[in-house]
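First chain A sits with chain B, and in the next complex the same chain sits with chain C.
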Partner chain A sequence: MYDTSKLLLQRLVRRIPTQMLKATLDKWGRLTVEQRQAMDFTQSKWALTQKLLSVCEVHALSVIMNDNPNQGMWYTFQLLEPENDAQSVELTQFKQQFKCHLSELLRQMSVKIKKHTDEAVWIRIALGSSFSKPNHLKPTYVVHYLQTPYVFVRNLTSKLKPLLSQALTLATRHQGVKEANLSGRNLTSIRDLLMRQYQQVFPTKYHSPPEEEDQPVLNQHIEKEQGGVAAHRRHMAHQAFGDGMLPQLQSAVYMLDTKFRDPNNRTMTEREETFKCVVKFSSINLLESLRSCASSGIASAPVTPLLSSIPLKGRNYFVVTDNTPGPSSQGHQTQN
Partner chain B sequence: MSRLNPFAKLPGLNTASVLLVESEEHFQQSLAEALVEETSVTVNVRLAKSFPLPIENDESRPRIDLVVFIINLTSELSFQSAEASLKYLEPGYFLGKVCFMVTNARSSSVPAERLDAVRRLAASLHCPLLFAEEQTPEGVTNAAERLLTILKAAAGFVPFTTPLYLSNLTRCTLPPDIDQPSFD
Partner chain C sequence: MDPLSESGMRTPHNGAVVQRRSKTRSYRQSYRSCLGTASRLGVTPALTARRLNASRRAAKPQNLADKVNPEHLALLVKAEWQLSYVTPLYQFRHTQLRSYSRQLAAFIVAEKQQGLAVEVSELHNSYRVSLSVVQGLTESEDDAETVLIQIHSKPMFARQDEPQRSVWSGWLTCVHGSPEYLRSLPKDFTCLPLFGSRGPEYLSRVVKSWFQKTFDCCFGSLEINHTSLQWFAALWTDCHSQSHIQHLRMLWTIPAAPPLQITYTVDPQDAWDLWNSVRKEATAAVTEDAASIDLEEVTGFLQALKSHFYRHFRLDLSAGTLQQVSTALGSAKSSGRIKMSNSRHVIATLTLLTECALLRMPI
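Right, the complex of A and B next:
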């Protein structure tokens, strides 16, 4: 038992890049100040690991919870049909229920639940099979904000998925869980997008006077002919996507299953079957790029609902079919 | 459809007005700032994305002495937008009051046909074709200086020189081997 935890710590330290090692150890907070100062970070990693092992003999298994929060993709799930007491679920009850349900379903596993300062409950699940110990190097992370119906998961295996869904729905007093079609690398961003915690612009009948901070004081001899049109476009773009800093999304995927429409291409248009294709937009900060597309006139203003429903509905995976208007969780009417 | 008329209004005293038309609305801002620094004449710069210009500005707009179409060679849309805007100008402008300015000509992603197409357009309209470098401040000042030379002639500040006379000297001509395939 003691040796495996030593091995685990060794592998963990090896995975962390050397520059981040000092910061990670500080964040970990398990070493006392003197111990931290005694660690000589100019030594090789192997020497460091040995030193570390000798220092923390007792609790080598208290693992580093979020060493790399921005690596790997986070997927969102939404809890459905809350029961009457879903709003009153609080941390201890949730912890107890969740651990209890999950341990009924799985034998070899390790679950750690911790609440962070920003009201997020982090759950770390390491699974093992009936023959082996829990694999701590490939844990599944689950983040849930109590009293909201959203759950963010990273590294979910197909084996764990149904069990996790069941445990979550029971522990949070809901009746079901479904995929929310939102994924991203940055947890805070997808959380902000879903819970609308970014600066939004609400539609107004009378536009406010154009802001001065983005137009540097123009020389009186320079005048824009189409300034009004540009300001209008900018306002529409900000209304659709929001003001200021936008949450970082990396991609948006549209699965199209519609009839081909192009007046110049008769052969394709005359086919009876639908044309299936996938359109993917990807960028470092997708919402920012879409907003500047709309405000510079590359995308037409007012912004098409296909694009504006990314922030509006908090999704980045859409299935577009030719159905008549009728909102369904997957379908979305095409723009003719 | 109302066209821009070069001689419908009276000129301002010691003033020259230039209209910069650019589909991307990027280079025109820095070029405008370099143009207004001219001291010997008062330069008014109007910026537009494309024609037609909004009719609400028709009253307040001064007489435009020179219309400059800024074309970014890396974008086909830029060229098409400039071409489509030409029909909103009265024919009087094409007697030396229109100029084409091209950016990013050195970029490797530019297909040779596009530069040829711009050349043919400028040559058919008897307009000068300037090449500008927009990414450095020296490039911008250079482009502004050359533009000012044409602007001063177009606004009538150069004695014994009409814009038509100047355009005869500066207009774009097609190289004789333009129809032959290029090396790359």
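Right, the complex of A and C next:
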């Protein structure tokens, strides 16, 4: 047991980039102050690992839960049809029910549940098979906010998926769970997007001039002609996407399956079949990019419902068909 | 190009005595000739017009397997190449390739010893260079034969019996180059305007500087411009009936803050139907020559794709730049990288690229 833990720690340390190693060990919080100071971070990683092993007899490895919160993709699920007592589920009951249901279904498995200060319940599941011990190097993380229907999952295997769904629905007293079509690298961002925890702008009849923008007026004539139009565009952009700092989304995918309509091209317009294409928008902060496109005029105002659905509906995967007018978020997802 | 060679700015390799005019006069002459004055050089009007062909023949897929050495073909097809243009080579002889190989190998070793061609992670001891002719790629008589350059080496601490691996490859080619231009060159010049390379950057630099020293030519990076990328999209889509393209993927970057990247992937059958409909509409009025594709049809095709996008997202793709076009037949990036994945369409791709290179050359 000790040897495998040692090996595991070695592999874990090797995976963490050297720059982040110090920060991670501090976050880990298992080393005392003296031990941390004794670690010489200018040494090579191998030397560091040996030192670490000697310093802490590795016992509990339920540890580096948040080691790299921004690596890997988080996928969102939504719980459906709450039962009458769903609202009253609290932590101990959830923990007990979840562990109980999951261990009924799986033998070799390690489950650790922990509640963080921001009301999020973090679950770490490491799966093994009938021949091997749980694989702690590739755990599945599940984050759930009690009393909300949202669940965020990272690194879910196809083997675990149905079992996890079942355990979750039972433990939270719901009837089902479905994919919510929202994915991203940054957990706090997708959570903020879904729960609308960012600065929103509500439609007003009379636009007030934006106070925070103090753009230098370059040319009086241009400002006179274009000032009003530009301000209107900015307002529409902020209304569609929000004010201030926006949650970080990396991409949005649209599966388009609509008919090709072009008055200049009769052949294609008369065609029976739809024009199938896939459009993927990507950026380091997608919502910021889209908002800046809208305010600079690259995207025409008012912003099309297809794009404004991203913050509005809190999703970034859409299947667009002709059946519903505008941006349909119908079209059940076929694949994710 | 006579004024240039007479000006004495170049010393030919055979050491023949060259008529030297006075320095200032020769400088003026060569300067003007670099600007491409047609009267001085007798360069064809087609090149001084400095535009890509407005129409070209539709690509016929060609089975190169029996014309080209299959090993060479496999090499061309499997990798992504970085492109450059090359000005005409002076006194390059296809018959002296072995001597060139030895010279280049010696040059590489010399550069390494001087510390100019050093790559920290790789320690190579000896280099073996092979230059070979790739026959069968060119069809017209004016085109010079393609030359393939390969550098083999093995790491410093390898065992004796370990074979040398190819660490760098490159090729020089001219496929369907403009005949008027090629014929206007003086006798001693060989025109191989397109250079593709793959491998470590320091070796590419060494090879280029050897060529520049030996054949008095100039290399420059060849970016694939927007029009050429559009041509690739149209030509490859046109091939769908003969070779399944699997998808037509285009990558645009939009100047937002932060920059936005849009990947637009179209189903191949739908792209094919759209392409045909655009061809029909465009050539409705004019007598149709089925084999030739006009620039208007190409821009019409792209415009139709952009307007379909606009109808959904109300975002005009023209505000951004087209960076990459790819299908199963290959991929072309605006930074000057090309991949030709299907051997049957290599000639069509190289024809378009040769044209880009010829236009991009300063002389």
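In this text, the second predicted complex is superposed on the first by the 308 of 336 C-alpha atoms of A that agree within 3 Å, B and C clash if a C-alpha of one lies under 4 Å from a C-alpha of the other, contacts with A are read in each partner's own complex, and residues count from 1 in each chain.
The rule is simple: contacts are C-beta pairs under 8 Å (C-beta built on N, C-alpha and C of every residue); 3 or more make two chains touch, one makes a residue touch a chain.
Computed from a predicted model, the values in this text were never measured in an experiment.
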{"item": "Contacts of A:116 with chain B and chain C, given as first, second, both or neither", "value": "neither"}
{"item": "Touching partner for A:229 - first (chain B), second (chain C), both, neither", "value": "first"}
{"item": "Partner chain in contact with A:304 - chain B first, chain C second, else both or neither", "value": "second"}
{"item": "Partner contacting more residues of chain A (chain B vs chain C)", "value": "C"}
{"item": "Which of chain B and chain C A:15 touches, first, second, both or neither", "value": "neither"}
{"item": "Which superposed partner A:271 touches (first chain B, second chain C, both, neither)", "value": "second"}
{"item": "Which of chain B and chain C A:280 touches, first, second, both or neither", "value": "second"}
{"item": "Chain B versus chain C as contact partner of A:296, first or second or both or neither", "value": "both"}
{"item": "Touching partner for A:219 - first (chain B), second (chain C), both, neither", "value": "first"}
{"item": "Footprint overlap on chain A, comparing chain B with chain C", "value": "296"}
{"item": "Sites on chain A touched by chain B in the complex", "value": "219, 221-226, 228-230, 296-297"}
{"item": "Chain A-facing residues of chain B, complex", "value": "19, 24-25, 32-33, 36, 42-49, 53-54, 56-57, 61"}
{"item": "Interfacial residue positions of chain C with respect to chain A in the complex", "value": "254-267, 270, 273-274, 276-278, 280-281, 304, 307-309, 311-316, 319-320"}
{"item": "Complex contacts: residues of chain A adjacent to chain C", "value": "254, 256, 258, 260-262, 264-268, 271, 273, 275-286, 288-290, 292-293, 296, 298-300, 303-304, 306-307, 320"}
